[in-house]
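Shared chain: subunit A. Partners: subunit B in the first complex, subunit C in the second.
== the complex of A and B ==
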């Protein structure tokens, strides 16, 4: 290879490079700074427990982001779904029914979201803002009016799931593989990417734009519903702060993973995986090296800005006159 | 020459990616002269005027304004240098008032204590309109309430208000009524008599010959010749416009307008807001051309036939291989002697694609192709259903599909993963063809298929279209380029004001002027 081809290679694979370089950098830096404590058996367990929730949502959000959508209701939907699951299970229903209830609530939220934006041509992020307020409002109202804490009376199996490493790892692998296959090997994923780049060209190629958006949101809904159960398995309670800020964590994670913010053909499922690991390790590492919690957010913000800057698209070329 | 030079272009070159739109063009534009600029579509005449008026940056060369170097960064910059242009397409903003449109980008002149003095702006706008004898118009009206012609007049008033030394008119007149044309002609003559320079771009030769003092002919980005009024000769000018002499193999060489018997598509009494009672049939192995002016509704016919635009009245029928019901499928099995086609209503894009219709939009880069996505992704997008096995589309399948299409159409690229946006116009067009041919489309609706494409590539396109016709494809070409329609079609429909005005069968003696009579 000549010298010329190296910068060309970097330019062509810019996104992939940023994606993995970030993860590698975070891993090496914090391993060194914590004298290896980052990779201790105990800490890896902590990381995985945090990862499984964030990763599950991120996979769902890849479907939403890739077609140009944006969602900020995930955190509030998690709180609402968890709450419904608690009530269902406390009422004596088996765990499976509780899980289904959580998924049903989450899917319903996302369906309302996409139907509003499809029908009225509203920006998806705005309708998700409405969903966020409604879901968060319902939880806050319920928490403030009930005398007791809203908690699982019998944590039972759920608690075991939250503790068992083999189960957590299985869930991560399962969600990852299924998400990857659907996104990269089926029409839904390919159509989503086409819509993200150019909805007009997509529809002229036979893509049913609204239908594809609907399915993408349904997938996101199912995964967010699952994430609410995983989150519940760790805490067993719901407060008005449950899931708070989760929606933003997911967006930052995806960007760190090299996801194009406006979707399109450069969207990759691997962004969800790489990004959520980077994000969790970054948070975990910053706390471990003793960075004050007040500063963590600031550092995250700076890194986020840097990555967004690196991922910015070049403006389009000029158009030839007729 | 004794007239003073106002503007000089020196060896101007303009490239769009790999397509050279203007190649080494040097023109002198004189004061006190109406200079015509003529050439076919894609000859570079609009590009050169866009460079002069600051709409596009040049790739190389130099512009001299009264002897000094001149580099307009924007149309406003050009206006400050006393150069104003009326553009081909609409150049006004619908939501703004007439007055705001006239002074767009120059609101500063009405500043009074930091706010815009609306009253004075409106007074000045009325003055501007008075320049074209339109002083009685309410300048606070939003522009969207005006019709196309009135909007053009607003643009003209705007250009004149700034007392241009060089007034550029880019193909405005084709869309105007007789009175509108007369007005522009008068204005141009008046400016000339005031010793201003006028550049008039058109492909309407008789009009140019009537108005201009000299004519510059462009072809394929090159300046061919400049002719003085005394030496105007219609035949000679036409020849230099076409120049390359339409030889046998540029278009198809036969004059056999025959085609298959089988009707592939039928449009019955379609009405939309722009179309009135459209009826047509497209046959197997037929190239059907539709010609007209841009606003004639011909582009809408393509969209209606592809199911993208729903007709208010009437229907579009496609004859597809897929039996619409199980009963008919059973019946077909019994007959089993011949490939039978079933009439089906084109309800939406999905039914169109399922019945093997392919559509390439006039705005190919915005509507047909995804610039950011790779060649492979573009090629497979409409064929995913065909490639899927148990709902899964495997990478190997996509690759072999894309490789086959690229080879068939001889797409030149660094590889199938190259983004389509990086390709030249011709290769982009090949990808958009390949997208449908690969998907087994037997009916191709092509809107302006050779727009923005080099001459060399045009030739290959025409050969390809002819080969497809011979293979039995039904092809509909919608084009503003009459020579192309005459050269390629078995049958030509001419449109005007949303109606089909006449039909021509392929004939050696067909000429542009015969068709134009039914367009304008």
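== the complex of A and C ==
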């Protein structure tokens, strides 16, 4: 019985095993190639500092991607939220007000995004493209017309947040646990997955499709707003380039973590965790090893392709008909 | 069955390619580590594929042959988060100093370097002098000591070429902080030279960072001022503005460009390019490296200033372009802009009487001066 159950277990959990095997492979490979320096105290702290921003956004994006949504505005929204936070804090408001302002801006962006998508039946990626242009445009306009750099005048408290290991670990654990619970144990997560599998069937089963999408985007908005503060705590400044490419980093991290970008019942919160760590360790390890910059993108591409290829070999029975 | 076989082959190919690549990089690493270099300097640039990135790598390789140093190159994105992550990764790799191409998130970057006890420099631009640290060796003015003089140099060439109606295009001021000074130097010099009042310089058209943005700027100039006969292109003059002119309704507009690529020679031969220019990559790296290397050896110039300067190379003839290739970016860097022996004379690690000013003088040599030194 037990002999039969091992192959069955592997077959049943193929995707989960692939995502963890990928992470393990990256960790082992770079630990060996760096003579253990990858796991040094200094580098673990480096990885955690880089992880907190990407992970926070990725958790939010799991809610969006699980119902088949797609967002490419995260980087621009981070820039806009960070800019608003800087102006709020520099005006003398307490840090908490600055954080709330950043979250409010981010949530507003995601609400506009989902409302446009819901009202006009637009593909989510198109509405997020519009939000990306507007948010990036606002930041670029402000940066280009501002006589001075848009930077925090007093970096004290925020800088501590960005460099304090206890705070960073607490945030990672908190975001991960809350995200996991909401996604796997509440209606929001379950309904999101149902919509991702088949929106019509979900609707006919009593799932409020538009409402679920709205809440999912709101959660993503809150987390992207929080990520903008975490990002700001690392740079203390906003430019026209702030958050540039972050949306792609998140998508790549989620795919590396085994997330199916068309969502559905196979969506897992662990994709955010595993994918973010894999992505950060991969970037960190390539620099640590001293890989020639000309081949860095190629190596990343090959690893990405390999993971996508393995995940694509999903048994047909697991995919729900649409 | 066929599909399964195809998929298996694809997977095998990907794995094989990965193993081969990993093997290549491994060989490279083991080779360099056996040289037992004393210092490692990290370099952060957007890319190493354009001429600037390639030349910086080549000059760094030349320095590795003549100093006990090894370079670790990292590609960074343009965002603050990418820059800081790139810096953190380099610090974690154990570098002793960092040459950053840019002043992105400067305060936080310097602070991170200071915490790690690593020296930090900015090589492709001037830095804010309010940001100080014992571990910060400053930045470099890439357009010479006074960018206005560079603008005046272009103005003299425009005047000599006889153009009368000049448009200007540039990246926005917030991204190209030297642009206002260069433009002012240009317009002031045109006023000085044009005593008869025959030359008109139109207001600057600012554009963003994509080629199509430069096309829009050129189109706007042609629409507003149909008589325009020359454009001074400050924002990627050769890569963006030159193709925009050639594809416009007035391809006979002549160009004064801040920029260089392989089209310059042909453009000068047919008269469509009046003047072009580019960074002196060797001088830039030499300036930053000399200061970092001295600091790593516990030496600092008594006359040190936060912002050094290097000469910006300009060309007005095909011969000058050939000189640039032969004396600034030759394959053999011992014939290039700054040789190791010349550099050692300006470094405290090798010469007790060296000064910061002597380093600036060495790295501010013009193309003609470098050529004269080599002959």
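Keep this in mind: the second predicted complex is superposed on the first by the 298 of 322 C-alpha atoms of A that agree within 3 Å, B and C clash if a C-alpha of one lies under 4 Å from a C-alpha of the other, contacts with A are read in each partner's own complex, and residues count from 1 in each chain.
Criterion: a residue touches a chain if its C-beta (ideal position, glycine included) is under 8 Å from a C-beta of that chain, and two chains touch if they have at least 3 such contacts.
These figures come from a predicted structure and were not determined experimentally.
In the superposition on chain A, A:290 makes contact with subunit C only, not with subunit B. Of the two partner chains placed by the overlay, only subunit B lies in contact with A:201; subunit C stays clear of it. By the touch criterion defined above, A:43 reaches subunit C but does not reach subunit B. Once the two complexes are laid over each other on the shared chain, residue contacts for A:66 go to neither subunit B nor subunit C.
In the superposition on chain A, no contact is made by A:271 with either subunit B or subunit C. More residues of subunit A are touched by C (comparison of subunit B with subunit C). Shared-chain residue A:181: touches subunit B; no touch with subunit C. Looking at the shared chain after the overlay, A:193 reaches subunit B, while subunit C stays out of its contact range. Touch criterion met: A:155 reaches subunit C, while subunit B stays clear of it.
On subunit A, the patch touched by subunit B and the patch touched by subunit C do not overlap at any residue.
Put simply, subunit B touches subunit A in their complex at residues 16-17, 19, 21, 41, 46-47, 50, 55-57, 88-89, 306, 308, 349-350, 353, 359, 361, 365-374, 377, 380-382, 384-385, 388, 391-395, 421, 425, 435, 451-452.
Residues 7, 10-11, 14-15, 17-18, 21-22, 24-26, 28-29, 32, 47-49, 72-75, 77-86, 88-94, 104-105, 107-108, 111, 116, 172-175, 208 of subunit C touch subunit A in their complex. Taken in their complex, subunit A has these residues touching subunit B: 181, 185-187, 190-191, 193-194, 197-198, 200-208, 264-266, 316-322.
The touching residues of subunit A, when paired with subunit C in their complex, are 33-34, 37, 40, 42-43, 46, 49-50, 53, 75, 140, 143-144, 146, 151, 155, 159, 231, 234-246, 283-284, 287-299, 302-303, 305-306, 309-310, 313.
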